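Next come two complexes built around chain A: one with chain B, the other with chain C.
Let's look at the complex of A and B:
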């Protein structure tokens, strides 16, 4: 990472730690939501940005994770165990879902995940014995860890910020390990990765399964944050929104999901000054953003920096998830 | 048996509407690689153009024509020039995100500028019941079926029997070669957008009397079109038609005979089965992509 990058990350970290001391409870709720959605977006970025697969089920994985944690903790299981269960369950489901889809053509994972997402919603709504159907599950307790209760908004924010940091660091480390460098190879040039003997299909599947697992962990944070979950929270809209976060932030950039989730959480709230029209304004902003910086905010920043530092040289084209598929 | 016929007829009628929407969807994909996630909202919107025009005192038939015309201008021309053209060179994904945002935009526009309540919409014919082999079949279903089939047949004739249609097919199959043969490729792509706009407007006129005009209508319709296109074959107009009918009939029959709670699940299971067993779709060709 360049020196500029380090400064930006340290600055953002200081800001993230200081922010809750200046915000009202709703503001703290929003930045907590940002941490939760960032976890899921990091997972989706692995699937989309590195392996180049479009998943439209990340919202459903958040749902599975949230229900797993809600049901297990209400059955008396300790939160950390439920947390691990949520992630593992989604990892296994992701693996099972991706296996057949990736065996055929590469863009079919998108369609399978779209169908899966709707199926998950139907199961959550209809299987009342398990999920309480449309009534949802309320009164989900926030965890107490080593005597530290995260019941208050600020405490829970620090808990989820900490979890985000740990998971992000683990992903960062994974992408730099000898094993994980294959994901970067997959992003940069899938054809060359394959000719160097990488089993690209296996790595693509792995990226999807790990991405789904992170979706589950995000759900494990989501449930205690909102304390009330119902099937409607996890419909396709959420999956679309996550896709939007990854692309708007800059897919394939490690910090893209952080930026994208921030925009997706805050932009609608700022647009609220236009009253009933805020979602229209938000949608129009996204369309405009896609027209002017299709590689996301970080893609645009990178090009701007390159343009300044290497005056005269045209910026090298950034390989894009879709464009690189053989 | 009687109820089976009833379900079959209403299934065919919904299926025909799904087919119209799915055909437009595949046309856009074939000629410009546009996956239009706002296709459902495209069907929802023309009904509001028509209602607004009738509110101003214009008779229904004229309003319907105005609705189709507005749809051509807004959902055809403006959509192509403002949203698709600037994004196309950046690949498929940014455009997907943009159409997802567009669907939200259209939904919110209909809610804010018209109403969040479901609006009654005039039917093409007064609803009377016909008795046939002990089954009760509404004239409305039959008219919907007839209009939808007529539209599909007209489109088929256009695509296969005219020079224009063949040029469009050539554009879809191999744009480079089509350009060498002197086909104005850009204009052909534009025509598919206009055809899609007409198809969604017709679908809107047919479906709104049944579902009422509501801003959320697009969600289920868009998904249905998407599923129909994949089941039938993403790169074939015939496939989309077949997929639409399968979906409509399946939807009605499974809700009646198997489980109404899980009626939405059956098309999805079929989808997964098709992807596993015949990934190019029932009638699709295997797509050969250049590296």
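Let's look at the complex of A and C:
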């Protein structure tokens, strides 16, 4: 990482730690939601941005993770165990969902994952004996860890920020390892990758499984944050929103999901000053952003830095596989 | 001399068209075998059947005596069989160095040990040597998508050697490469062969390239093997002149 990058990360970390001391409860709720959705967006960025496998099911994995934690904690299981179960269950289901990716790609794969997302919604809504159907599950408790209660908004924010930090560090480690290079090779040229000994089948399944597992862990944070879940929270809108976060932040950039989730969580709230028009304003802002920086915010920043350092010689518009260089 | 690659009675059809029709040949240890033939003679289909990209309808492929017919390309590569493609196949968003490390990393330990291993899979020195050997040092950290076609083609060939393969199959390595780069590529392949006694199979249209590089040449026409011999024999063979050279 460049010196400028280190300064930016340290500055963002200081801001993230200091922010809740200057915000009201709703503001803290919003930045907590940012941490939760960033975890899911990191997972989708791994599946889509690095490994090149389109998934429209990340919202469904948040749902599976959230319901797993809600049901298990209300059955008396300790939160850390429920948290691990949520991630593991989504890892296994994600591995299974990866099998269609071995046969179909691009928009065909998008439709397969979209169908899975709809299937999960139907199960959450119709299997009342398990999920309580449209009535949802309320009163989900926030965890107490080693005597530290995360019941208050600020405490829960720091808990979810810490979890985000640990999961992001683990993902960064993985992407810095030969696995990261293998995922990029899988995205860029699976034919050549296979001829170089890369087991494209196993890496494809792994990309789906890890990405889905992170979706499940995001759901495990989501449930105690909102404390009430119901099937409509995990419909396709959420998967589209997560896709938006990855694309707007910069697909294939490690910090893309952080930026994308920040924009997707905060921009609609800022647009509320336009009252009834806020969704239209939000949509116009997103369209404008994608028109001017199709490679995402971080892609635009990288291109701007390159343009300055290359003194007007514009860089080729290609994605950057950050985190894969040794 | 032992046969590194043995192809027996290989046949591949696409509907009513037979692209490869009962081809048999052996590749001996340390030789550079050229396969030539007019467009549509079945050279690339033959390569793809040997390398697991296509499943043959009939016949057998053996590498070092082990049957590999229908084996997945990644498993075949781990047995020591490497290849290049007719069309350029690199990873354009990675650097030259990362392309080379990628070309060798799947041979280093297991998939799970690589997760906790060093980011370069212990291949930085080997990549550096390959970069120097192919005289790409000034481009080592450049993004491959920004290089010229000839430079990418050179890297494409270098990647095939990164894992120290037992057998390398080069599919039109000279295709689309300018004369200077062509001489450089041929000279590097000859130097690698001299240093490592490597075994190559080369499909190529560029006759001078094949005649200067290969020790033995096979000629395919309409999916069948019509001639075999030294480059000098092939030049004089009337069947080959009739079927392919035409002049």
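Criterion: the second predicted complex is superposed on the first by the 296 of 326 C-alpha atoms of A that agree within 3 Å, B and C clash if a C-alpha of one lies under 4 Å from a C-alpha of the other, contacts with A are read in each partner's own complex, and residues count from 1 in each chain.
In this text, a residue touches a chain if its C-beta (ideal position, glycine included) is under 8 Å from a C-beta of that chain, and two chains touch if they have at least 3 such contacts.
No experiment lies behind these values; they were computed from the predicted model shown.
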Touch check for A:93: first (chain B), second (chain C), both, or neither? neither
Chosen between chain B and chain C, the partner touching more chain A residues is B
### Message
A:66 in the overlay: touching chain B, chain C, both, or neither? Say first, second, both or neither.
### Response
neither
| message | Which partner chains sit in contact with A:111 here, chain B, chain C, both or neither? Use first/second/both/neither. | response | first
Between chain B (first) and chain C (second), which, if any, makes contact with A:243: first, second, both or neither?
-> first
After superposition on the shared chain, which partner residues are touched by A:277: those of chain B (first), chain C (second), both, or neither? first
Quick one: classify A:119 as touching chain B (first), chain C (second), both or neither.
first
First (chain B), second (chain C), both or neither touched by A:191: both
Shared chain A footprint, chain B vs chain C, residue numbers 191, 320-321, 326
Residue positions on chain B within touch of chain A in the complex are 37, 83, 86-87, 90-98, 100-102, 104-105, 108-109, 112, 219, 223, 226-227, 230, 261-262, 264-265, 268, 271-272, 275-276, 279, 287, 291
So, in the complex, the side of chain A touching chain C is made of residues 174, 176-179, 181-182, 184-185, 188-189, 191-200, 202, 316, 318-321, 324-326
In the complex, the residues of chain C that touch chain A are 51, 72-74, 77-78, 82-83, 85, 89-95, 97-98, 101-103, 105-108, 111, 114-121, 124, 143, 145-146, 159, 162-163
Chain A contacts chain B in the complex at 48, 54, 100-101, 104-105, 108, 111-112, 114-116, 118-119, 122, 126, 191, 236, 240, 243-244, 247-248, 251, 276-277, 279-280, 282-284, 286-287, 290-291, 294-295, 320-323, 326
